[in-house]
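Next come the structures, one after another.
Two complexes follow with subunit A in common, the first pairing it with subunit B and the second with subunit C.
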Partner chain A sequence: MQIGYFTERPYRWVPEEELFRNQAYFAVSNRFFDRQKGSDDYNYYLDENCYAEELGFDAVALNEHHGTPFCMGGVMNVEAAILARITSKVRIVLVGNPLPVIKHPLRMAEELAEIDLISRGRLVAGWVRGAGSEQFFNNANPAYNREMFNEAHDFIIQAWTRPGPWRYEGKHFRYRHVNPWALPYQKPYPPMWIPGVLSLETVKWCAEHRYPYVGLGTAVGPTCDLWDFYADEAQKLGYQAGPENFGYLIPTFLAETEERAQELGRGFVYGGGQNAFSRPEHTLPPGYNSKEAIRRLAKAPGGSWLGVSADKLRQGKEGRGDENNYDEVRQKLLVAYQKAQQAYQLIIGSPRTVLPKIKTLLEVLRPGIFVTFAVQGPVSNKDRMTSMRLFAQEVMPALRDYAKEIGLRDPIERTPGSVPIASDVSRVPVVERGPLAALGLR
Partner chain B sequence: MPKWDEETVRTGGVDLVMVKGGSGKPLVILHDELGYTGWMTWNERLAEERTLLIPQQPGFGKTPRLDWIQDYRDLGAFYARMLREMGLEGIDAIGFSAGGFIAAEMAAANPKIFSRMVLVAPMGIKPAAGEILDFFSLTIRTHLRATVADPVTTVEFAKIYGGEMTPDQFEAFEDARTETARLGWDPFMHSPSLPNRLEGIRMPTLLVWGQRDGVVPRGCVEAYKDVLPQAQIAEIAAAGHRPEIENAAEFARVVKNFLSA
Partner chain C sequence: MNGLQTLNLRNGRFNVKYYREGSGAPLVFLHGAGGLPAFTPDLEALAKHFAVTAPLHPGFGTSGEENLHEDVLALTLYAWDLLDALGIEQPILVGHSFGGMLAAEMAALDPRRVKKLILVAPAGLYLEGCPTADFFAMMPDQLVRAAFFDPGSQLARAFVELPEDKRMAEEVMIQRVRGLGAAGRFLWPLGDRGLNERLYRVKAPTLLLWGEGDRIIPAAYAEKFRELLENSAEVKIETIPQAGHLVLMEQMEAATHAIVQFCAR
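This part shows the complex of A and B:
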């Protein structure tokens, strides 16, 4: 199993009231950006990733968001390029580059090739469509998001594999001279892991391309459903999916004592947490979702990872929040904080309590890639590093043993899609739903 | 009372759904970026004297989407082909909001395509002052409410959008928003070259604008007037972006006057 470390690199200094007032992280005014603090943070987060390497994580994962204190990685490839040089062992996993938002696949092919070369073959490329808000920030037409994603991906593969120069005339991208001089270190190109928040279309696409799908803190029951869907699609394509086809990333925070962990772990719901990533009008720009996804959404009142639900959309309240109700909001968030822990959506505690919870997740979801997502909110560098150390020293060794015991092979050990299967035999299960009921999970 | 019906017209490689109603000389109506809202008082009034032809824009749920239509100029060309194939060139036209953009594109490409053209709060030209409301950054509910000066007292607004939105309505609006984004996301609901292409056309034109329009600023009307100096302007007091439902009587009066002149 590959064990990775991930942080959103949160900008931790925006007063929580401002996030409440804005009802989201996205679109908080950058007048709250302090250049000195920002400079310190960028440097610290690079050091933090070096520390992850020192502690024995197999991978460090980066992502990209724009215009938000939720994540400072506005240009992830810059950080990846630095890490390529200042680390020496860890895989640098990008989860991922938002292709339709950047709108320049040739440049992307060049940037990633350079990073892979500098790191001597440690890059794992990952692609995303970009959250709804990124479409606004980058003025990327959301109605062409999926088309641009597919076209950019296919183009990059070609740019890395087909000797140039050649000419490209696509629907969304056109290049008269494709001949990127630098090609990736890894042949024919870096592995690709695809992160997602349970879009059926993306899961299907991953199965077709034999790419591992990495669930980003997705609810456990629905994640099982999607992975079964992946495995069914895989069988239609003639291969048996296994742990090498799946990854799971989950918010995790540890401290020496349970009390301390619970107190600091609240950073995950600071300002509303990931449900306050962006307001509904920014989360769901026109055409961003497929017609099928819109149909599902229109009928699902409950909500999803990014907090979008038909109910919320119908309320359609926009702009600034009610200034008198912050205490009430905080109370609600604390309730949500507890519920998320019960649902295994947040793993918080001392090493003693965290280990069995993660083992349960591994048992149920059987991922070949497991990534911890560091705490958000105003938690000090020291406390963040303590959490990393406790995980690496007191949890990780036991997880590695357990993964070996239950056969969680990762995509480095076994190439995803390399185990053939006939269409008329029953496939090997990819998830173990047994423990779900006892845990109160579906 | 004039009747209306839906029929299918085979044109431009697609089965186009057309709402048809009334009697008399034909008048083509180009609906706005949110889609056709149904037969209302203003339709009833105009249908007393004219046969209304209301094509349902491709991609808005009823008429299939056409992949080759990538901007409003393409869409204008599609509708021009429809009129040519139906033998209706020289017809009178009304375009609402983005429908005004479409009509202006058609007029710019062929100054004889319409005899008379009514543009109601038209998008399509970058406003001389102010901005077109960025409705892509709004939820559908907020966008809808922004289209009238007063959602509470506008009777027909409640008739169209009142109550809880059903999953079907939600889907229809998302279809409309999606297709509108495909065509008008960037540049946002205008064409930088349209003023130059439109300038000098002598087509009789009426610009209708509600004085409390929160979607299309008066600057758009002024920008049209700059390149079409022959255009008349009819402002409707107390109305927002949908003067046709906010003050149907006044709307029908100014349009009828203009079309029968």
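This part shows the complex of A and C:
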């Protein structure tokens, strides 16, 4: 199993009241950006990733969001390029570059090739469509999001594999001279892991391309459904999916004592947490989702990653309650904080309590890639690093043993899609739903 | 939908749905980004004076929006192809909002063919210091507050209310999002898609009809349109009080009366 470290690199200094007032992280005015603090933070987060390497994580994962203190990685390839040089062992995993938002796949092919070369082959490229708010920030037309995603991806693969120069005329992108001089260090190109939250289309696309699908803190029951869907699609394509096809990323925070962990772990709901990533009107711009996806959203209430939910879709109609009673908002967030822990959506505690919880996640979801997502909110560098150390020293070794024991092969050990299967036999289960009922999860 | 007719256009690339009612001079109504849920009372009023044809745009009930790739010219040619197929030669073109932008584009592309041009709070231009509201970033309640002069009116509430039946409500939600998504193919990039460079070609007498309290495309845009319509035989601005962006709905009588009067001259 590959064990990764991930942080959103939150800008931790916006007063919570401002986030409440704005009802979201996205669109908080950048007059709250303090250049000195920003400078300190960018440097600290790079150091933090080096510390992850030192502690024995296999990978560090970066992502990208725009116009938000939720995540400072506005241009993640910049950070990836620096890490390529200042680390020496960890895989640098991008989850991922928002292709339809960046709208320049040739430039992307060049940037990633440079990063892979500088790191001597440690890059894992990943692609995303970009959250709804990204479409606003970059004026990227959501109606063409998936088309642009597919075309940019296919183009980048070509740019890395087909000797140039050649001319390209696609629907959304055109290049008269494709001949990127620098090609990736890894042959034929870096592995790709694809993060996702809810879209069946993306899961199907991953199965077709034999890319590992990394669930971003998706609810446990629906994740099982999603991975069964992947495995069914894989079988249609002639291969047996296994742990190497799946990854799971989950908010995790540890402290020496249970009380301290519970206190600081509240950072995950600071300012509303993930559900306050963007306001409803910025979450799902018209055209971003397929008809089928809108139908699914309209049916299935409940929160999810980056606050995309049917409740949110309806929120506009039903009003937003008392927006100025922040104590009430905080109380509600505390309830949500407890609920999320019960649902295994937040893993918080001392090493003693965290280990069995993660083992359960591994048992049920059987991922070949497991990534911890560091706490958000105003938690000090020292406390963040303590959490990392406790995880690496007191949890990780046992997780590695357990992963080996239950056969969680990762995509480095076994190439995803390399185990053939006939269409008329029953496939091997990819998840273990047994423990769900006892945990009150479906 | 009641009274909808169907037409196959360009070898089935577009399955066009349209309303056709009334008699008299041909008037083509091009709806806005909210779609056209029925042959609405304002169209009924116009149908007392004109042969009204009101097509649903691709993505709003008409299929084939994927054939119109972000290109305003493709959309404009599609609209003229449709009128060719319907045998409408010299229409009075009435367009609201997104449909207003389309009507203006049509009149610029084929100026001799438009008898009169009526732009009701049209999209398509950008006025520095007075940006149009970004209705792609609005939830239904916000949209109603922006689109109606009186968001508390029964009309406004009916506009945002979902049907009781869950399935119907789901369909309505999907239609709304789909329709906005379809309009987004052309309007998402925001502001001006090049219309300012083409308006000089319009020859038809033009009525710019605005709700005084329009919070989506402020009435100040009327002057900008007038300035750029330098070769129109006539440009008249008419501002209707007690009306917002949905002026045809909110002040149906005054608005349709203005259209009928302008066409009678």
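Operating definition for what follows: the second predicted complex is superposed on the first by the 426 of 442 C-alpha atoms of A that agree within 3 Å, B and C clash if a C-alpha of one lies under 4 Å from a C-alpha of the other, contacts with A are read in each partner's own complex, and residues count from 1 in each chain.
Just so we're on the same page, a residue touches a chain if its C-beta (ideal position, glycine included) is under 8 Å from a C-beta of that chain, and two chains touch if they have at least 3 such contacts.
Just so we're clear, the structure is a prediction, and the values are computed from it rather than from any experiment.
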Subunit C versus subunit B on the shared subunit A, clash or fit after superposition: clash
First, second, both or neither for A:Leu436, with subunit B first and subunit C second: neither
First, second, both or neither for A:Ile412, with subunit B first and subunit C second: neither
Partner chain in contact with A:Ala143 - subunit B first, subunit C second, else both or neither: both
Touching both subunit B and subunit C, residues of subunit A: 136, 139, 141-144, 280-282, 284-287, 291, 294-295, 298-299, 313, 315-316
Contact set on subunit A toward subunit B in their complex: 136, 139, 141-144, 280-282, 284-287, 291, 294-295, 298-299, 310, 313-316, 318
Residues on subunit B engaged by subunit A in the complex (per definition of touch): 136-142, 164-165, 167, 170-171, 174-175, 177-182, 185-186
Contact footprint of subunit C on subunit A as seen in their complex: 136, 139, 141-144, 171, 280-282, 284-289, 291, 294-295, 298-299, 313, 315-317, 319
Subunit A-facing residues of subunit C, complex: 69-70, 134, 136-142, 160, 162, 170, 173-174, 177-185, 188-190
